[in-house]
Every structure is written in C-alpha cells, then in structure tokens.
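Chain naming follows the written order as A, B and C, and within any one chain the residues start at number 1.
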Amino acid sequence: MVALALDLKANAAKALADIELQRALLNVKRGFVTKRAEAKARLPEFDRLRDEARAIKLHTLSHLDLYLEYYERKVAESGGHVHYAPTAEDAREIILKLCRDAGAKLVTKGKSMVSEEIGLNVCLEGAGIEAVETDLGEYIAQMRHEAPSHLIAPIIHLNKETIAGDFRRAHAGLAPGRTLASAADLVAEARAVLRQKFLAADVGITGANLLIAETGTSVVVTNEGNADLTQSLPKTHIVIASIEKLVPTLEDSCTILRLLARSGTGQEITTYTTFSTGPRREGDADGPRDYHVVLLDNGRSEMLGGTFNDMLACIRCGACLNHCPVYATIGGHAYGSLYTGPMGAVLTPALVGIDHARDLPNASSLCGRCEDVCPVRIPLPSMLRAWRERDFARGNPTFLERTALKLWAYATKRPRLYHALSGATMKVLAALAGRSGRLKRLPFAGAWTQSRDLPAPQGKTFHQLYAKRTRG
Amino acid sequence: MSVSEENRTKVLDRVRDALGAHAPDRWREVNVRHRLVTHPSGTIPARSLGNHEACLALFSGMLASQGANFARVHDPEGVVKAIAGYLTDLELPTELRISEEPVLVTLPWLLAPRLKQVYGAPSPSDKVGLSRAIVGAAETGTLFLVSGAGNPTSLNFLPETHIVLVDAGDVVGSYEAAWDRLRGLYGEGTLPRTVNWISGPSRTADIEQTIIRGAHGPKRLAVVILDG
Amino acid sequence: MTKDLTRDAPLVGLLVTCLVDLFRPAVGFAAIKLLEDAGARVEIPLSQTCCGQPAFNSGDRADAKAIARQVVDSFEGLDYVVAPSGSCAGMLKQHYPSLLADDPAYAERARALAAKSYELTRFLVEVLQLERVDARFAARVTYHDSCASLRETSSGGAARQLLASIHGIDLVELPDSEACCGFGGAFAVKYPDISSAIADAKLRNITATGASCVVSCDLGCLMQIAGKLSREGQKVQVRHIAELLADMIDAPPIGKEQI
C-alpha cells in the first residue's frame, strides 16, 4: 500500500481549516449527489438493477476459482497472457520484467487504483523507466507527488490557480508568458504534452473496471479517452487488476455498466467504454502486439467467504464517498489511505490490518447513506461495526474510551444503581446550568463543549418524575 | 514449478481455501458453465424496448444530449454531403483520414471534390477521422466500433474531429441486443482485439468540475445515420 | 391524567431511552399522552436503562448482548414496545435479532421483540391509526430526518403527516433532509471536529428554511443541533417532535433558558 500517515484526527483538523479544500468539497456534494439522483430518476429500473448487480458479484465471488480459470483460458485463446500476483511485490516484479523485456523507456498509464496500491510508478521510476499518468487528474496528482483524493475525481481538492502553478513548474520548456487562466487552457496544454507521451510510449498500462470471463476481456471506462490511447498505441498493453474485478458474461457487464457511471457521476454512461481482448489480430490495422493481464490478490482471497466478502463486490463507483458526511467535510487525503470514504474505511483494514487503520472505521456516524447509494448494496455500516468489534477485541481503544464504555455498561446493567446515580448526576448538571438551560463548559466534556453548548438536563430524570406521578 | 506456476497455484489455492472449494463439485461447475454458455440477460431498461423508430429517436436524442452532432440521411450521397457540410460549417480541415471499411471506401466522394480522402492508420497530424460503427445501442446513444483489418482503433481517438457512420438498420435498443449482433458476426465467446463503446466527444471535469471537451480524444463527435 | 381505557386497548411498553430519561423527561410524558390519547395503555418497565447502542456501535458486542437481554426481559409480555427515538427503536428492530441469534434462550424472543418494536410516530400512524393530532403551534417548523428514523424505522412519512396536521403550523421541508447531523452517538465526542463540521452543514440548511423551530424524532440529533445553534447564538428553537404533537410545550426548548 502507498504508505501515508494514518493520523486521521490531525489530518481532519487541517482539512477542516483549509478554506480552498472546503470550497472544493462543496462541489462533490452539489454536483455528484444531485446528478446521481437525477440519473436514478431517469432510469426506473435502477433499483432492480442494483439487486441484480449484487447477485452477479456475489455469485462470481462464490465461484471465483472457476471463473478465474475460465477467464485465464479465454485470454490465452485470444493470444494474451495471464499472470497471477499473490502480493504487491509479485505484481511489481512481473510488470517490471514485462517492461524490461519490451525494452521500455517510457510507459503511459491509464487510471488504476490498483497500480497505486502496489506502488508501481515508484518501482518503475526506480528502474529508470519513465511512467506517466495520462488521466488528467492523476497526471496532476503525479506532478504534485500526491495521491488522488477521490476514487473518480482525483484532484477535486485543487483549484485551477494551483494547477496552473504546477503546470508552469512541470512544463518548464513551454513559453513562460503563455496564458493558463482557464480550465480550457490547462486541458489544452495537458492534451498537447501528453499526446507526445502517448505516441512515444513503449508500454501502456491500464487498470480494469471489469474483467469478463466469457470472452477473456478487460473493460476500461473513461471520459477522456486516455486509457484508449494508452492501450492501443504502444507495442505492449499490460492490464493490472485485482481478482474480484471478474464478472461472468457480457450481459453481466451490461448490468454493472448501467449502474457505474450513474452512481458515480450521474452520467448515463462514460464517454468511452472499451473492451479489450488479447493482442492485435493478424491483419489488424493497429493495436499492441502483446497483451498481458496481471491478476492481483494482495489480501482479497482472505476476505472471500468471510465477514467482509461483500466488500469485494465494490465496483469503485465513488457514490459512497460522494454521499458520506465525513468525506464531505474532510476530503480524501485526511483519511491517510489510498482508498477513502466508506469503502476505504472497510477495505483498508482488510488490506493493512485493523491495528494500522483503526481510525477509518471509527470515524463514522454510521448514518447509513453509503449503503443507501451503493450500486451493489454493500452493507457498509455493518462492516464498519464489524471492524469496530475486531478493534475492541484487540484492545485497541484508548484507556479513556474503554473506561467510559465499561462504566456505562456497568451502570446500565444495574437499573437501581443507574437510576440512583443518574438522578444525582442530572441534579448537579441542572444546577450548574442554572436558568440558562445550557452548559458552555463542563469538566471531562471538553470534546463536546469545545464546539457546542451542552443542553442542560431538566434536573429530574424521567424515572424519578414518573415514580412521583404514580405515587401521587 | 516456475515462479509463475507457483504464483498461480498460490492464488487459486487461497481462493479455494476461502471458499471451501477444494473438492471437485459438479454443481458449482454446472452453475458456472451454465451461466457462461447461456449468458442470461438481466433487466433491460424499458427505454431500450421500443420499436425501430423509437430506437432511432432515442439514439439520436441521447447522442445529442451527450455533445455529439447528428445527421440522418437517406443515401450514400447524403452521407458525403452531410460530412462536407459539417466540415464546412465549422470551418474544419477538409482532409479526412478514413478507415478502410468497404462502405466508407465506396462512398461517392466525387460529390465533394473539396474533401481529400486518405485511408488507413492515422498519423498524429490528422485532424479529421471517419470510421464506421458496426452497431449502435440506443439506450445511451452508444456507438460500437471494432478493430479489424482496415479499422484502426487509433483513428477513433487521435484526430480532433471524429465522424462516425452507422446504418439505421444497425441501431438496436439495448447493449444486449448489440452484443448479440457481435456474436452473430464473431461467434460465441470471442471478440476482436478492441470493441469501443463511444457515446460522445472526449471530455474531462477534473479541473474544478468544469466540463472541457477534447481532453485526450476527439473534441468533436459527429454521427451520420444512413437510413435508406 | 390516564384515560379510562378498555382492556382491549393495546398494551404498550414505553422504551424511554437514556437520553430522554436523563436529559428531557418531558419527551417521555409527551409520548405517554400521545399513546394514551390514541387509545393505548402505557406501561413503563422499571428495569430499563439503555438499549445497548453505545456498546454495540463501539464494538463491545458482549455488553451489547447483555443489555439486549435485559431489554428483552424487561419488555416481555407487552403487545408493543415504542420508543420516542428512531435509533433506539432501530436498535431493537434491526439489530437485536442478529445480536442474539446465537443465544438459544433469547434468539426467538429477540425476534419477537423486534417484530413488535416501533418508533413513536410510525406506531401512532400505522398501528394506532392516528391520522392527525389535536395540537396547535403557529410557527414555521422544519423537520430533520434522523438517520435511524429514516433508514431503520422508515418514520419520515408518519412524522410529516402528524406534523402537518398541527393547527397553524407552517411546515417547510429541510433542504438535504437526508443528510446526517453529525451526532452518531459516541462519534460526536470521539471525533468532535468532524462531528461539529457536519453539524455546520445541517445548520446552514436549517437557517435557509427560515424556520423558527426544528424538530426530529431523535433527542441525540436534537441535542447536537441545539448545542450548535446555542453556541452560535441563534434563536431557532429545538424540540422533540413528541412535544409539538402532544401540545406539551411548557418546558423551554432544548438548550434554551427558562423564562
């Protein structure tokens, strides 16, 4: 995994104070949330398709060994090669060797979270191979040595002035006096610069949104067309995808594709959806001579068949991020993890262990909106809770957290004690508040009162008043 | 065992461990084979199930709303006139890089003497490309273009302006109907190297969520439907 | 105070909830009034304390189970269990069955309890067939869908129906009403910065309605919202929906001074 500081609280504080980021995050809420609702309204079959997509994914997962073997055979039949990678290191080794065998000096890359998961770019650069991200957002993130901050909108946190500054620094050879005032200016410059890379690349590496067993096909969706220039121009096309990307048939891919863009951006369909099967055929006008698919495990097989099995159904649409109140306030980088938002909060502990990622499932109000919008109905809140159970069982919560919980549990299991203690406590609190009805400060309650008043209790508890009423 | 054999065994063994699937299980295998062979469809949106006229209307409406230009003509002469008119109206270059599809090669190009035709794989300096869609799915205004002899995939992406010809009889309602067409042409369980679904011109919203055309692929997509 | 109810009237156990018990008993009494006026007999099992959410959401499954068993025991023999809280009712309805599924002595009883557990407004409308309330509140009011009342007890329709029937009320929809207020139980104090920032967004939406009063089915949300409004010196009043429905607004609004 790309290693980032996992200090969510400190990161969150910085993110909350970052005015530019906060402004940018409003775009997520206003844009993606509204657009998904509109897209859903335009497709009456939407919810039924979600049930079917979920069923397809779960069926595939429960037969994954058989589908993998069939997929592998079909890829070979079409002239391609499948390579299994148990770990991130295995994947890097395989891809590095393929690049070296191809004599690669320049590699273009379509957007692939999995390639970031295995730290591919760093590995290639270390071997003297230039690796250029071609998705515009990823290109800019790469320029800034940053991870993407959102599953499908990698630089949603940046404004165009910042990007213009980055372009001037990175594209040093271009005329210093040129205009880079508008988004159109920036896109035009990126198009020109990256066009040269597309044409010169020896190897193109893409991810895959889906792998189709029926035909041995990898599917990539983009709006830009960058993945297409990446996978059709160079002599070698390498696909890196994790094993759970598999679906059985072309029809199954249709069901999922109907949900993917609608859920993530509210588009009916992405501009480009490309189905690649093997290398170029005899007589083809263009296309790569070599086609390789690297199938990454890296912790997925451990999730199979267990509590977090359904997380493997994720189609990486980004809807959960877009609707999450926590993501909406702190953005992606604050999570300190490659995968962010609700899906990241469930997936990351599975990949790196709960001990190294405990803030992720804990920093949630469990509002449940993520599950409401997930196209494959992953029960994300239940899984967040399941991580909390593991976290608790491992003794990870702080002494304060555990003590507070224990005290509450102790008291609530003993009603008479509870009623006596609570009566006494509420009397004190009410007295402290006086007639004001609220407490601005309270010992031990700083976490609440730092940003909120604490409404005062009425003074007597319900049980006290009810007892009085029934007596009198 | 080679490293790659070892890796393969490791991953598949782990998967079988997790699923408790080490013993051969006829029912599991039947399940899988059945689905692969019969490839059942899920729910197909009602919008895809209209009659042919409705499909054509949906197809063009979706393409238009997704930023493509659209023209419906009734004969090959109309195709050439539409292309010439489009390029002239927008003051675009008149040299066309054309894929070597017979239906494109045999168009009556003489009707538009100012257009210059160049065939085959595109060069990076080509400004206008013309290719043919093998089928169109009305449900989202999606063109299916396939790789092949004389059909360079790069032609769909390199030139700034991309013009696509599709026959009205090749416009179907749903993605599934389109895939069935391809199965008819290529057989079961196989596909050409590339099938491109194209539903509009290239775009990005990565910068401040502002939509800009022509991120890496074509800035313009024009679709000509031949309905004759 | 208690009406003369026939023996056929359904016997409802009121799950007071810890927040209502400790902070705002007025909500409990409003709930009793609503239930009795609508034709139910209400009992208050004295052995109830908490529904077990704090332990459950913190991953302390053992304590959550222990408290769940206590609740199952406390509410045995009643026709229904009703809580003036979407999250507590949701706890019983959605989570008790799986929580106690592997306890043979409680599994079936937990399922039975879940089947007869309700959030207050949904119970009034769906089971007691209440169509309107006899209350008056002439002000602009907006309603916050607490996450649990929205997603675990589906109470939004019932709550709005009863609110709309209040004489003189000017009920306006809250923009993005489905958005969380940031309370989330222990989350509010474990991640206070984030919780507070989420509340800011909720407050902006409340202000945008021009409402002078905001209500909800969950006291936790209301304390979060009231606490934020108070810290910002805003005049918007905060009450539990039961107070308005029962026409019992003698107590000061949540977090506001006594007059």
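Convention: a residue touches a chain if its C-beta (ideal position, glycine included) is under 8 Å from a C-beta of that chain, and two chains touch if they have at least 3 such contacts.
Note that the coordinates shown come from a computational prediction; the quantities given were computed from them, not determined experimentally.
Student: Keeping to the contact definition above, tell me which chains border both chain A and chain B.
Tutor: none
Student: Could you pull out the chain whose C-alpha mean position is farthest off from that of chain A?
Tutor: Of all the other chains, the one whose centre lies farthest from chain A is C.
Student: Whole-Å distance, chain A centre to chain B centre, using C-alpha means?
Tutor: That gives a centre separation of 29 Å.
Student: Quick one: chain B and chain C, Cα centre-to-centre, how many Å?
Tutor: Roughly 53 Å separates the two chain centres.
Student: Can you give the whole-Å distance between the Cα centres of chain A and chain C?
Tutor: 33
Student: Could you list, by residue number, the parts of chain A that touch chain C in their complex?
Tutor: It is residues 9, 12-13, 16, 325-326, 328-330, 362-369, 371-372, 385, 387-393, 397, 401, 405, 408-409, 411-413, 415, 418-419, 422, 425-426, 435-438, 440, 445, 447-448, 450-458, 460-463, 465-466, 469 of chain A that touch chain C.
Student: Within their complex, state which residues of chain A touch chain B.
Tutor: 24, 27, 31, 43-45, 48-49, 52-53, 56, 59, 62-70, 74, 77-78, 83-86, 90, 94, 134-137, 140, 153-156, 158-160, 163, 183-184, 186-188, 190-191, 194-195, 198-199, 213-215, 217, 223-226, 228-229, 232-233, 243, 248-252, 254-255, 257-258, 265, 268-281, 283-287, 295, 297, 301-306
Student: Please give the residue numbers of chain C that touch chain A in the complex, ascending.
Tutor: Against chain A, chain C makes touches at 1, 16, 18, 20-26, 28-29, 44, 46-50, 52, 54-61, 63, 66-67, 70, 147, 151-152, 178-180, 182-185, 187-199, 201, 223-224, 226-228, 230-231, 251-252, 254-258.
Student: Give the list of chain B residues in touch with chain A in this complex.
Tutor: 4, 7-8, 10-12, 14-21, 28-29, 31-32, 35-36, 39-43, 45-47, 62, 66, 99-100, 120-121, 124, 140-142, 147-158, 174-176, 179, 189-210, 212, 214-218
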